[in-house]
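By written order: A, B, C and D. Residues from 1 in each chain.
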Amino acid sequence: MTGDSAVRKKILLTCILFLFWVIFTATLALYDLVLGAVSSALVAVLTVALLGRALDPRITPMVLLRLPVFMVRLIWEIVKANYDVAKIILNPRLPIDPRIVEYRTYLPDDLPRTVFSDSITLTPGTVTVELTGDMLNVHCLCPYHQEGLAGLERLVAWLFGVKKEGPARGAQETAFAAEGGAGSLTAGRPERGGEV
Amino acid sequence: MMDDFLTVIALIISLNAVICLYRAAVGPTTQDRVLGVNIVGTKALVVVVLVTFIQTESFFLDVALVYALLLFVVTVAVSRYLEAEGWKEVA
Amino acid sequence: MKNLLALLFIAALAALLLYVVANMPPMGDPENPTATHVIPRYLEGAEEETHTVNVITGIILNYRGYDTMGEVTVIFTALAAALAVLGRERRGRIYAYVDRSGVPSSVIVRTMVRFLVPLIVLFSVYTILHGEISPGGGFQGGAIIGGSMIVFTTIFGLYESSRRIPQKVRFPLEGAAVMVFFLVGVLGMVGGGDFLTYAWPKAAAALHPALVTWLTVLVEIGIGLGGAMVLTSILFCMIREEEEIAVVA
Amino acid sequence: MAKDIVAGALCCVGTFFFLLGTTGLLRMPDVFTRLHPSTKCDTLGACSIIIGMAVHSGWSWELPKLVIIACFLLLSSATCGHAIGRSALRRDIPYWRKKTGEVEGGDGS
C-alpha cells in the first residue's frame, strides 16, 4: 500500500466513523461534532495500529454507493425464501433432506467471499459451514436450495464489480494470517506491523 | 393503546425466549447450547428495543446496541474455543 | 435426610425473607425513608454541584467519589491477584497460546471482526465520553473495549494480539484509572477545596465554565482505559501457556 | 394512525417469525438443521420488529440507530451461525441424513 492511498483510506475510515458517531450521539451540537471528529480520527489511527490497515482494499466509494441497492435486493431474497423455510417448518412431516455440498466460487478476496457466504447463510435453506480458499461447504436443508447460490454469487459480484474471468488471485499471497491465526505460528511470521 | 400492544408483543417474545432456553439447557451438543443462548440473546435484544418505545426512553437503544455487540463477541469467542481446543465433548 | 434438612432450611429462609419483604415500605412511595433524606438533595443539587447532567454519574463520581475510587482500586487489585497467581509475562519475550489442534480461525469470522472492531471501539469511546450526560461511563465503555479485545484475541491468537497491544503500552495504562482519579482529587486540593471536589485551580477555572465538566470526563476516560487494559491483561494471563516462542531483541 | 397500523403489522410479522424460529429450533433433528431456523427466521423476525419500531418512531434520531442495530444484527447473526456450524463441523458432530433416517458420520469435509 502506498503512503498516499493509506492516508486516503484512513480519511475515508474517519469519515465513516464520524457518521456513526453522529448517529450514536443523536445531536448536531458543535461540542459533540468536534468531540466526534477528534475521537473518530483517534479511533481510526488506533485501529490501523491494531489491525494493520484502515479499510479492506475492496471497500471503495463505488461499493458504498451500490450497497443500499444490494441490501434491498438481499432483503427481498431473504423475505422470499423465508416463506419457503416457514413452509418446511410448519409441515407436520418435516420434509427435509439435509446435505453438505461444495461450491467453488470465483469471487477473489476475503471480503467478497465473506459477503457471499453471509448472504448464503441469511437466505434460507443454506448455511455456510466452512470456507477454505475458494471452496465453500454449504449445508442445504433440501437439495433444491442450492440452486439459488449462483444468483446470489452474481449479486455479490455485481456489488464488488468483479468479472467472472480473470480472478485476482495475487491478492491471496498478502493475507498471512488468512491461513494462520495462531495455527501457523511456526510456519512463518509477518513483519512487525503487517496486516492481521 | 400502542403501548399495550407493544407490551403484549414483548411478553410473547419473552415467553418464546423461555422456550428457547430448553434448547440451551438440554443440548444435546455444546453447539446446540451456544445456539440456544444466541437466540435467547436476540430475543432479549428485541425486547429491549420494544421497551425503548414502551417507556419512550431513547437511551435504551444504546443498551440494545451493546447487547448486540456482546452477543456477537460471546458467540464468536465460544465457537472459536469449541472448534480449536483439544476439548472432549460431554454429550 | 440431608436433602430434607436442606429443604427445610431453605423453606425457613424463604419464609423469613417473605415476611421481611411483606413489611417493607411500599415500592415507590414518596414517604419512604430512602426518598425523603438524600435523594431530594441529589436530584435538586446534582446539576449545579457536580456539573453533570446525568445525576447517576454525579453521584458515582462526585458524591460517592471515595467509593468509586475504592472500586477502581478493586479492579486494579484483581489484576494484581491474577498476576500474582499466573505471573506477568517477562519483558522482551513474546508468548503464545499454542493451538494444538491446528485449526485456523474462519476467514468469514476474521473478516467480520476486522470490520467490526473499529465500530466497537468507537461505540465504547462514545459510551465513555458521554458518561456525564447519558447512561454509560468509564466502567461500561472499558468493558466494551475489553470485549472487543477478547474477540480480537480469540480470533487472531495471542501472538498477534500481544504484539499489537504490547506490554509497554498496557503497563502504564493499567494504572490509569487509579492515577487519574487521584490526580483529579489532588487537583481539587490545589484548587483550594478538599480531596475529590473536582475544582480547577483558580487561574484555570476562570478560563471557561465548561472546563469543570471535563474533570469528570477525564476521570471517565481514565476509568475506561484502565478497565479495558486490566481486562486485556487478565485475559492474556489466563490464556497464555508457558511457551515462549520468540525473544525480541 | 396509518403509521401505527404499519408498525403493528410489522411487529406481528416479526413475532410470527420468532415463533417459527422457536418451533424450528425445537423440531429440527440436529445442530446443522437447527441453524437454519435460528439464523434466518430469528433474524428476519428481529429485523422486522426493529423496522416496525423505526416506522413507529418516524423521523427522529432513533431511526438511524435502529437501522444500525438491524444491519448489525444481520451481519452478526450470519457470522454467528457460520461460526457455530463450523465448530460443529470441526468437532465432527454427525449430521442427520434422510436416507437412513438416523445419525451417521459426517462426510462433508
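The rule is simple: a residue touches a chain if its C-beta (ideal position, glycine included) is under 8 Å from a C-beta of that chain, and two chains touch if they have at least 3 such contacts.
These numbers were taken from a predicted model, which means no experiment stands behind them.
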Return the chain label for which the distance between chain Cα mean and whole-protein Cα mean is smallest. B
Once you count every C-beta pair in contact for both, which comes out on top, B-C or C-D? B-C
Note: chain C sits from chain B at a C-alpha centroid distance in Å of 24
What's the distance between the Cα centroids of chain A and chain C, rounded to whole Å? 32
Using mean C-alpha positions as chain centres, tell me how far chain A is from chain D in Å, no decimals. 18
If you look at chain C, which of its residues touch at least two other chains? 99, 103, 105-106, 108-109, 112, 115-116, 123, 155
Going by the touch rule set out above, which residues of chain D reach two or more other chains? 35, 43, 61-62, 65, 68, 75-77, 79, 82-83, 86, 88, 90
Among the residues of chain B, which are close enough to touch at least two other chains? 58, 62, 65, 69, 72, 76, 80, 83-84
Can you name the residues of chain C that touch chain A in the complex? 96-99, 102-108, 110-112, 114-115, 117-119, 121-123, 125-126, 129-130, 152, 155-160, 163-165, 245-246
Okay, in this complex, where on chain A does chain D touch? 20, 23-24, 26-27, 71, 75, 78-79, 81-82, 85-86, 89-90, 94, 96-100, 117-119, 121-125, 127-130, 137, 139, 141
For a test of understanding, state which residues of chain D touch chain C in their complex under the given definition. 75-76, 79, 82-83, 86, 90
Would you mind writing out the residues of chain D in touch with chain A in their complex? 17, 20, 23-24, 27-28, 32-33, 35-37, 39-41, 43-44, 47, 61-62, 64-65, 68, 71, 74-75, 77-79, 81-82, 85-86, 88-89, 95-98, 106-109
Which positions of chain D touch chain B when the two form their complex? 4, 7-8, 11-12, 14-15, 18-19, 21-22, 25-26, 31, 34-35, 38, 42-43, 45-46, 49-50, 53, 56-57, 61-62, 65-66, 68-69, 72-73, 76-77, 79-80, 83-84, 86-88, 90-91, 93
